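Chain naming follows the written order as A, B, C, D, E and F, and within any one chain the residues start at number 1.
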Amino acid sequence: MRVERPNPGFARASQQAIGGVEGEIRVMMQHMFQAWGSRGPKKYRDMLLNTGTEEIGHIEMLSTAVALNLEGAPLSFQEQVSNDPVAGAALNGVNMRHILPAGLAATPENCNGVPFNASHVYASGNIAGDMYANVAAEATGRVLATRLYNMTDDPGMKDMLAFLIARDTMHQQQRLAVIEELGGYEKQLPIPNSFPQGEERRKFFYAFFVHDTAKEVPEGRRTQGQSLDGKGQFKPMSSEPLGEEPTLQKPRPDSGAQTDQMGMGSSIAAAATKLVGGGSMA
Amino acid sequence: MRVERPNPGFARASQQAIGGVEGEIRVMMQHMFQAWGSRGPKKYRDMLLNTGTEEIGHIEMLSTAVALNLEGAPLSFQEQVSNDPVAGAALNGVNMRHILPAGLAATPENCNGVPFNASHVYASGNIAGDMYANVAAEATGRVLATRLYNMTDDPGMKDMLAFLIARDTMHQQQRLAVIEELGGYEKQLPIPNSFPQGEERRKFFYAFFVHDTAKEVPEGRRTQGQSLDGKGQFKPMSSEPLGEEPTLQKPRPDSGAQTDQMGMGSSIAAAATKLVGGGSMA
Amino acid sequence: MRVERPNPGFARASQQAIGGVEGEIRVMMQHMFQAWGSRGPKKYRDMLLNTGTEEIGHIEMLSTAVALNLEGAPLSFQEQVSNDPVAGAALNGVNMRHILPAGLAATPENCNGVPFNASHVYASGNIAGDMYANVAAEATGRVLATRLYNMTDDPGMKDMLAFLIARDTMHQQQRLAVIEELGGYEKQLPIPNSFPQGEERRKFFYAFFVHDTAKEVPEGRRTQGQSLDGKGQFKPMSSEPLGEEPTLQKPRPDSGAQTDQMGMGSSIAAAATKLVGGGSMA
Amino acid sequence: MRVERPNPGFARASQQAIGGVEGEIRVMMQHMFQAWGSRGPKKYRDMLLNTGTEEIGHIEMLSTAVALNLEGAPLSFQEQVSNDPVAGAALNGVNMRHILPAGLAATPENCNGVPFNASHVYASGNIAGDMYANVAAEATGRVLATRLYNMTDDPGMKDMLAFLIARDTMHQQQRLAVIEELGGYEKQLPIPNSFPQGEERRKFFYAFFVHDTAKEVPEGRRTQGQSLDGKGQFKPMSSEPLGEEPTLQKPRPDSGAQTDQMGMGSSIAAAATKLVGGGSMA
Amino acid sequence: MRVERPNPGFARASQQAIGGVEGEIRVMMQHMFQAWGSRGPKKYRDMLLNTGTEEIGHIEMLSTAVALNLEGAPLSFQEQVSNDPVAGAALNGVNMRHILPAGLAATPENCNGVPFNASHVYASGNIAGDMYANVAAEATGRVLATRLYNMTDDPGMKDMLAFLIARDTMHQQQRLAVIEELGGYEKQLPIPNSFPQGEERRKFFYAFFVHDTAKEVPEGRRTQGQSLDGKGQFKPMSSEPLGEEPTLQKPRPDSGAQTDQMGMGSSIAAAATKLVGGGSMA
Amino acid sequence: MRVERPNPGFARASQQAIGGVEGEIRVMMQHMFQAWGSRGPKKYRDMLLNTGTEEIGHIEMLSTAVALNLEGAPLSFQEQVSNDPVAGAALNGVNMRHILPAGLAATPENCNGVPFNASHVYASGNIAGDMYANVAAEATGRVLATRLYNMTDDPGMKDMLAFLIARDTMHQQQRLAVIEELGGYEKQLPIPNSFPQGEERRKFFYAFFVHDTAKEVPEGRRTQGQSLDGKGQFKPMSSEPLGEEPTLQKPRPDSGAQTDQMGMGSSIAAAATKLVGGGSMA
């Protein structure tokens, strides 16, 4: 790990790969919690723990990169004056959380300082659903990593990112390969495949809703031909209001609504006034 | 929709009108959820759905404006060097979320990248309370829109904002007009008006608390004269501690407090030590 | 302050009035921050500080009520067995945060344990916008307090809530009275009234959007007659798509999109493969 | 839409499908924001808007279902006493947010009352990454819907869920069909496919990290054979520390660390004391 | 690890020790980020990594315990009917997140389902400040663990908690021992000790603010005698308003305030009206 | 309070001391909630309320400082052009929340605009645990304040911060003095001291886990000698997997997993297909 030209602006950007929703804390925790709740074949539990552990190392790499990019960052508005305006290291571009509470170190936050929120740990107890959640994480994560790669010209940072990008390449493949291993689309779709499809509303299975079926329907694999699970045919269907307009009961008298909503406006209001009693309340 | 001089800084600012608490996602969802839970006269449900639907279009307008302002935004610290420092398009002023995970597009976040949080959807099931929540949203929303209008000199952006400002003008009026339609202050206050006022602590109804009634009390409509609901008189009242100082019971033995808090300090500590047994625990 | 029959379930419910978005922490902080940023007439700063201070006392009252309702709450699943099922004090109905980290005391959270989030402190620097935000807070707050009042039959709790309800009655009035004091709708609308209305898109000022103007338009104060600010007339207007469909530029080559999106699919993909070089990469 | 036996407990559970991270608000906003930032082929923008709009209807259906399940819910601890304990409608099992601030209506929150947070709107500007994010959302969404289906025996609720499950079936297919339409794994992987793979760290492309390559490596499609993109071979690789242990610079004198961390402990401490001056500071 | 009598209610409670702010995810991440940003003596970096790694194991233990307590949990309102009411396993007491999205597994959330938020990772770059943050975490963590211990009578769960409690005992000691190792209060206080105390407002160093010094001041180590750092004497001081009341400038004309706040109410309003032009705007 | 050279960048930084997790809103609320739930000796309740009240004044000071630093801040990209680049007042460095919704005033947020979240109010009902939480808050708070002091050279701001730093000096001392007052480490550790230590897993009390006890163990107060509570000896212990690998039961048929996870893959899938019925589903 090396940083040739520390750049606090790039430290700020790199935080997205640590604490952003596409970042490494998320994939680490997501793999771990999927593993700890794994009730399926044990081999997948092992795979998930394996990857989760690898991701801890990725967080460490990126956190170190952030700290190294903050070496020499301006600590006061005084220093800023003499800064090279081109280098982008001015205090305005610094994530002040890096200076003020963190003391020139990484934080578990995204590039805007929004702290990681563990609701992004998707773990459904369904192996296929979890694999797609992981593919999505690794795909958006690799997109992010390539954008960071393009953003910097520091050789040390490019080197680190080239490694992380390669790992995301592998992780995307591996998650999709689990779907193949389990029989591919035909056996795994729809997710969950343990729900008896006879209980679905059959008519809407493979319907592509359009506002007007008379108009030309877009051609393509996703609108025509056999469904991916081989059980039906894609077809357009006009989207129409289903069911009648809902009607809720009127508010109950003690439910804190206005009297007008109860359809008894004046009488209740009168009663309420009555309870207060006449005369001046002041 | 047009943007003559794309400005990533203005893209950043505009996010407040999309995902800020005064922004369009909030008013869209607030009107929708008020409608879906509406138990009052059906005409208000229709009005709420109508406005909620209009706001979806506003989100689309602003999101498109953000994307257009990001055309040509710097993607690397290299590009930044040759940037015109005056134009404000430098990477330091960019919301990095716009580049890194979003790929030059709007996000459902405010101008600091804080994601919209749906706890801001105020829907009480009380039509008058909801109308005032909507007035507050449209008032702070129009304040925000005029500040954005003042911030830019791009004619396309001024044009879009002039439209949004006009709609906020109307929405403020319309929500307040519902209160008038229902009989105004005299019939609608206090909210909820279905609670029998005789059960309130009558003495504190219209009292303006001051620290010292002897001192001159501020004059004005809000401290003197008849209350807005016509049922009492505003008057000053000295604010004094009400009730005695509260006393909670001591912690229970098994409640995880320190022994000193239980008022039995030494003996329990001794007992605890005893349980551990004498001698070295190492 | 007294609680005759401690009820952990009511302790749970009462948290909404402490840390809910309609609760006392919010109104306390909202008034305080409006005051500290107040640039308008000093008398409103005083009023805001005055109310903010009063609300601190309300948080104390409710927090004490929660602690008193938790006296005797079950601390283990053992105790629960012998509980009176009617009293509702069973462990299942307890907010476990009250027991586990808090040790039988209130927390700054709502009735579901969601912590208070200060984004709910609305303070716009615009006195009229802020007053309506406060009216909305006091209206939804009083709705909440009356629902709590209806939920309990403990005389001590009813007494406390009767006091809080009375204060909300006053606070609603007082905020609206400020609008009157400043000249009412005609002078204060639209908010902000300092923005020159000639710059709005005049055509959309007072238009009530409907999907079909030919159909009967709903009658009422909010759709017909003079606008509340006295400057125009409400009128229906057909809502139609405004402006053409937006077109964004294609993704830039280094922006992390798929090659197919750039409209140069195969050639770039080929180039990318080329860069990798032929032969096996494994 | 009908609910034969209103059940506040099921209303609580259903919230997960509205405001949970696998719920309809998320997929609605995710499709919308992907569409509004879409820079790829226009046909995908249309498809995304189409689905986003459909999901608004799903939120409405579920919100109505929640409100109908709350008809007759207990509003006070008094009512609870006479409740049928079997029906599960006791106040302890109610989401108090449904009663207290919402007035017997749905909220944009999950089944525990955690408000929807828009950071879950994944939109990367990369069509393949976004499709997998949508597959993940629809897969975990359908898992959730089938669990709700299994949880209730109300025919009206089963009917509504059977419809929603069928739509999720289609949406999973359609998102994966886009990948096929674009050429499948071979052309779309790794995501983003526009990044020149020659710049990755080639060695780590298709490596399955294991702690000990000598031990038997798990067999399966994801560890052996050709990679899904057809460009390499999966193979095991021993995971080892890469690079040396990182060393950060010592804290700077004015950076708020302890003097001991700066390796100059006593002298700086002495200097600091000196600055304070001798004698008593009290 | 064993659970003799699975109890979904205890699964719910145990989540506080996983994803609560006093829980193991927090201490794991806090130690890790303190280590990764450590600029002090290397031995403390090692210690922090060591503990951080240990805590990962604790999360695993608790997550497994949650999953085991959910074995046999009710999945439908049907099953609930025949449940043993004493066991506390009724659906009303279940965390529905455990069933609906998680499929009978632990989540990174607290006992109320509030997801862990990484803003609780306190890491200041100051070794003494960080040690006290860790002591606080381990102290509130051990309080929590003993309360969970008291809550259950399952021998397997008591066994696991007895282990975790013992580790917290050690971790409290160890963090405080670092302070001793560095010279104790006299050398480490005030934190940070690298700030020259001569620049503080000396007068307020060791002052115990009271509202009335004439009244008896509470006796005790914290109000009397030498300060802990040995540099001064504690003493009471009357708390009085410091400085004059702040005065902010009036709002600027283009800043979105009401005209009345600018002290030019009528004229600006007139001007604004003028800009709009006379006549009917409708 | 005075600000000689208003600096919007310093206004941004100062927000960390208001709404950051180390800031004044947190300590204010933390002391208040500890007091309101206090079940221990009354003198500590008084002390906590005393400090909590003092902190309200600190929020006011800092909020006023923010507003004063925003006087003259640029409101448009036009103004920015003519700005003095050295002063750091450029729009890029401004927190846009200060301008757009707040109207040049402070917000209850940190320096990145992340709103204060009340989950940071640590109040355990255990006096020793709470004191350490307060020490941690005051230590990280003073670190933050000294960094702000170093960041500015405005004499008015340095003066204000010198006061706040002095108060943090005192508050650190005072919290630790409570521990002394209660008997120090020997009587207060481990926290909570009311839990009978005989029930802990004695073996792990004072063990310093290392990966390899054969290697040299780090020397120091925290690894050797008597424990701080005087009840045992620190000693190294090799960290080893405790207990066997956990095994969860297979998913239940109706729990939404994939059929492959249930170990009955093909047959259930066949059954599911059967339920759907043969023939074309399209």
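What to note about this one:
Note that in this section a residue touches a chain if its C-beta (ideal position, glycine included) is under 8 Å from a C-beta of that chain, and two chains touch if they have at least 3 such contacts.
Nothing here was measured: the structure is a model prediction, and the numbers come from that model.
Of all residue numbers used where chain D meets chain E, under half belong to both copies. The two sides are thus made of different residues. Of the pairs listed in A-D, A-B or A-C, the one whose interface repeats that of A-F, with over half of its contact pairs matching by residue number, is A-B.
Centre-to-centre, using mean CA coordinates, chain B is 25 Å away from chain D. Centre-to-centre, using mean CA coordinates, chain E is 5 Å away from chain F.
For chain C, residues touching at least two other chains, in rising order: 21-22, 37, 39, 60, 64, 67, 75-76, 85, 90, 92-93, 101, 103-104, 109, 112-115, 117, 119, 124-126, 128, 140, 143-144, 146-147, 150, 191-192, 195, 197, 199, 202, 205-206, 227, 234, 248-249, 251, 254-257. The touching residues of chain E, counted against chain D in their complex, run 37-41, 75-78, 80-81, 85, 90-93, 95-97, 99-101, 103, 109, 112-115, 124-128, 182-183, 187-188, 191-199, 202, 205-206, 227, 231-235. Taken in their complex, chain A has these residues touching chain C: 143-144, 146-147, 150, 254-256.
Of all the residues in chain A, the ones that touch chain D in their complex are 1, 21-22, 43, 46-47, 50, 54, 57, 64, 67-68, 71, 75-76, 103-104, 114, 117, 119-120, 122, 124-126, 128-129, 132-133, 135-136, 139-140, 142-144, 146, 149, 158-159, 162-163, 165-170, 172-174, 176-178, 180-181, 185, 189-192, 195, 197, 199-211, 218, 220-222, 227-229, 234, 239, 242-244, 246, 248-249, 251-252, 254-257.
Within the complex, the chain D residues that touch chain B are 19, 25, 29, 32-33, 36-37, 39, 56, 59-60, 63-64, 67, 101-109, 115-119, 121, 123-126.
Within the complex formed with chain B, the chain A residues making contact are 7, 9-10, 12-13, 16, 20-22, 85-86, 88, 90, 92-93, 110-114, 140, 143-144, 147-148, 150-153, 248-251, 253, 255-263, 265, 268-269, 271-273, 275-277, 280-282.
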